[in-house]
Amino acid sequence: MFSVTVRDHMMVAHSLRGDVFGPAQRLHGATYVVDATFRRRDLDADGLVVDIGRATEELRAVLADLTYRNLDEEPALAGVNTTTEALARVIADRLAERARGGSLGGAAQELESVVVTLHESHVAWASYERPL
Amino acid sequence: MFSVTVRDHMMVAHSLRGDVFGPAQRLHGATYVVDATFRRRDLDADGLVVDIGRATEELRAVLADLTYRNLDEEPALAGVNTTTEALARVIADRLAERARGGSLGGAAQELESVVVTLHESHVAWASYERPL
Amino acid sequence: MFSVTVRDHMMVAHSLRGDVFGPAQRLHGATYVVDATFRRRDLDADGLVVDIGRATEELRAVLADLTYRNLDEEPALAGVNTTTEALARVIADRLAERARGGSLGGAAQELESVVVTLHESHVAWASYERPL
Amino acid sequence: MFSVTVRDHMMVAHSLRGDVFGPAQRLHGATYVVDATFRRRDLDADGLVVDIGRATEELRAVLADLTYRNLDEEPALAGVNTTTEALARVIADRLAERARGGSLGGAAQELESVVVTLHESHVAWASYERPL
Amino acid sequence: MFSVTVRDHMMVAHSLRGDVFGPAQRLHGATYVVDATFRRRDLDADGLVVDIGRATEELRAVLADLTYRNLDEEPALAGVNTTTEALARVIADRLAERARGGSLGGAAQELESVVVTLHESHVAWASYERPL
Amino acid sequence: MFSVTVRDHMMVAHSLRGDVFGPAQRLHGATYVVDATFRRRDLDADGLVVDIGRATEELRAVLADLTYRNLDEEPALAGVNTTTEALARVIADRLAERARGGSLGGAAQELESVVVTLHESHVAWASYERPL
């Protein structure tokens, strides 16, 4: 099995709902350093899992809709408790939707799965993996 | 599949038994930067794999019993060759025992597995994964 | 010249005032991974610049007053454009005040300066150095 | 499941063939920081997945045949588009061949798989996993 | 004293002239992860050393003239032994020239110096600092 | 001003003397990831601060006398409280002695200073700088 990973980041405000979150129930924020990993059984005719340049552009496009925002006020996230793991799923789902729409090129139809990892600090991170 | 990882560290002395270890048969030491990863199929009602704060406390508690010690003299490790990979198992087993005891909260009963990674330097690390 | 550095982090919401900030004028947030470096010409009688444990506690105490907050609403920061470099100064000033008050121990009176570095992402950080 | 990872690097020139590569069709180069991960179900009698010293030597030996070279002129890579993911496979295959030849010791026959990850920058990396 | 640092990278081929370089006399290559640090005594009216967005664009522009190239054939580098430390100076000089031309904004005229650090691997890097 | 840095590591046992050290008074250990930085005003005729290969060998030679040992029993360190900052000085002094002896080549006589940084974990490190 092969994989390719690209990294970018976003900077957001948000608050979390639920007693378990303690002080994180207050409005605060995070830089999420985001890794998107694309997995595939075989390489394409160019020797690629996915073009790193294109993957980078796709990740940037998905993060552009989230960064420099207060996620508590994003209509698309209404009702979502924006934990690190839940945001990993949001980003993975959006990347998957774009990949299915052809944004990563035709050969990318062979991709098996995508893993999105959000690093919220140097001591904590979360991931979500889903099929493509 | 979701995962959440938290990081901490411990600083220990030890020696390794066996010709394969060469100079590491002498009493020496290591800082182990320890990553504990909790894996789970679905998020709980709060949108969590496990609360990062609680996971951090659990990892700290497990490492508190090992750090600032000479592992060669720890009764609980008698007969264990304390290689990096063997220590990863010790820590994973202790985290698993605590999780089963409820230390990570009730919803943590849904956790599928824990992975513990010990970084012994910038150029070597070892992991152990086990079910929860 | 000797130095000792300890690392911790804080997670805050804020917005920046001024056209130069573009989208960062919106309410957003950041994880700041914070390094506090203490510099000193000679070691004390224990062979220390400053005790790492104590330095870690001091940094944690300073960050505890800022983390999990919306900095736009912090009275102590009223009128401050909370850029990364300005926050580095705020934290360095607070550490300096505590050090002068004796929180780092008597020998810490020999410290020459403190440097505070805030990493706002994997691709950008800022520092401020001041005398102690 | 256990794993042990060792890290080294190589510095090579190469060019890539295909319109998808844009400017990377020109002769350029890369530092690949290379992680080799060995996976195994149980530890051997010494408490090891594989001896870290030996694994480090094996990885160094494999990289010594590639580093400080122009890969476009390496006979062994003729016809290979030397993408990051394709190079991960080349290195994994060479490590596997050496392991089967006994270079990692007899107990290493129990290894299940090897994963090779090549970091081409701080924002992109690729992996290949294969059985041993 | 304040500083702001931004990070980017370039991927180049080159060879080095001189017996001291051993195998690096052959055509090979490197990824240089490049940090550009801008230093300044006081913050400007916006609370900035330099706008991180603008600094990032300037660094990208300078690296765009070098990346995905064989430095042995760059007319601008004719006669330069392109060691890591020499390339740090080339990049710092180009950033300085652009800064003096106003590319970082008027307030950037107050910048005292720029430091450029090139990481050639996880175990070696070089820096050059010059006044602005 | 130019600098070149190389990185290696050592793994040692030791204990610290003095109430300030709390649990670190017990025999424990550390991995020190060690960075040696050589500083110089101008480049030599080859375009170098110091040859990275030679600097790497020198650092390895100095660390070889310390690694895989219990520092409490090293005659050369008798009476030294082996704090991270004190060990940084020991290593810097040994590198300086070797450099003056010619181990880094004749041109290295132009080096101005050496900085040694010991990372004891992902959250704490110490440095010592001295002239050459």
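In order of appearance the chains are A, B, C, D, E and F, and numbering begins at 1 in each one.
Methods note: a residue touches a chain if its C-beta (ideal position, glycine included) is under 8 Å from a C-beta of that chain, and two chains touch if they have at least 3 such contacts.
Note that the coordinates shown come from a computational prediction; the quantities given were computed from them, not determined experimentally.
Residue numbering at the subunit A/subunit B interface overlaps only partly, since under half of the positions present are found in both copies. By residue number, more than half of the contact pairs of A-C reappear in one of the listed pairs B-F, A-D or B-D, namely B-F.
Set against the Cα centre of subunit A, the chain with the most distant centre is F.
When subunit B is laid over subunit F using CA atoms, the rotation angle comes to 180 degrees (nearest 5). One finds 30 Å separating the Cα centroids of subunit D and subunit E. Distance from the subunit A centre to the subunit F centre is 41 Å, each centre being the mean of its Cα atoms. In terms of their C-alpha centroids, the spacing between subunit A and subunit E amounts to 31 Å. Shared contact sites, meaning residues of subunit B that touch two or more other chains, fall at 7, 120, 122-123.
Touching subunit E in their complex are the following residues of subunit D: 7, 9, 11-14, 23-24, 26-33, 67-70, 120-123. Of all the residues in subunit E, the ones that touch subunit F in their complex are 16-18, 20-22, 80-86, 88-89, 120, 122-129.
Of all the residues in subunit F, the ones that touch subunit E in their complex are 1-8, 43, 46-49, 51-53, 56, 105.
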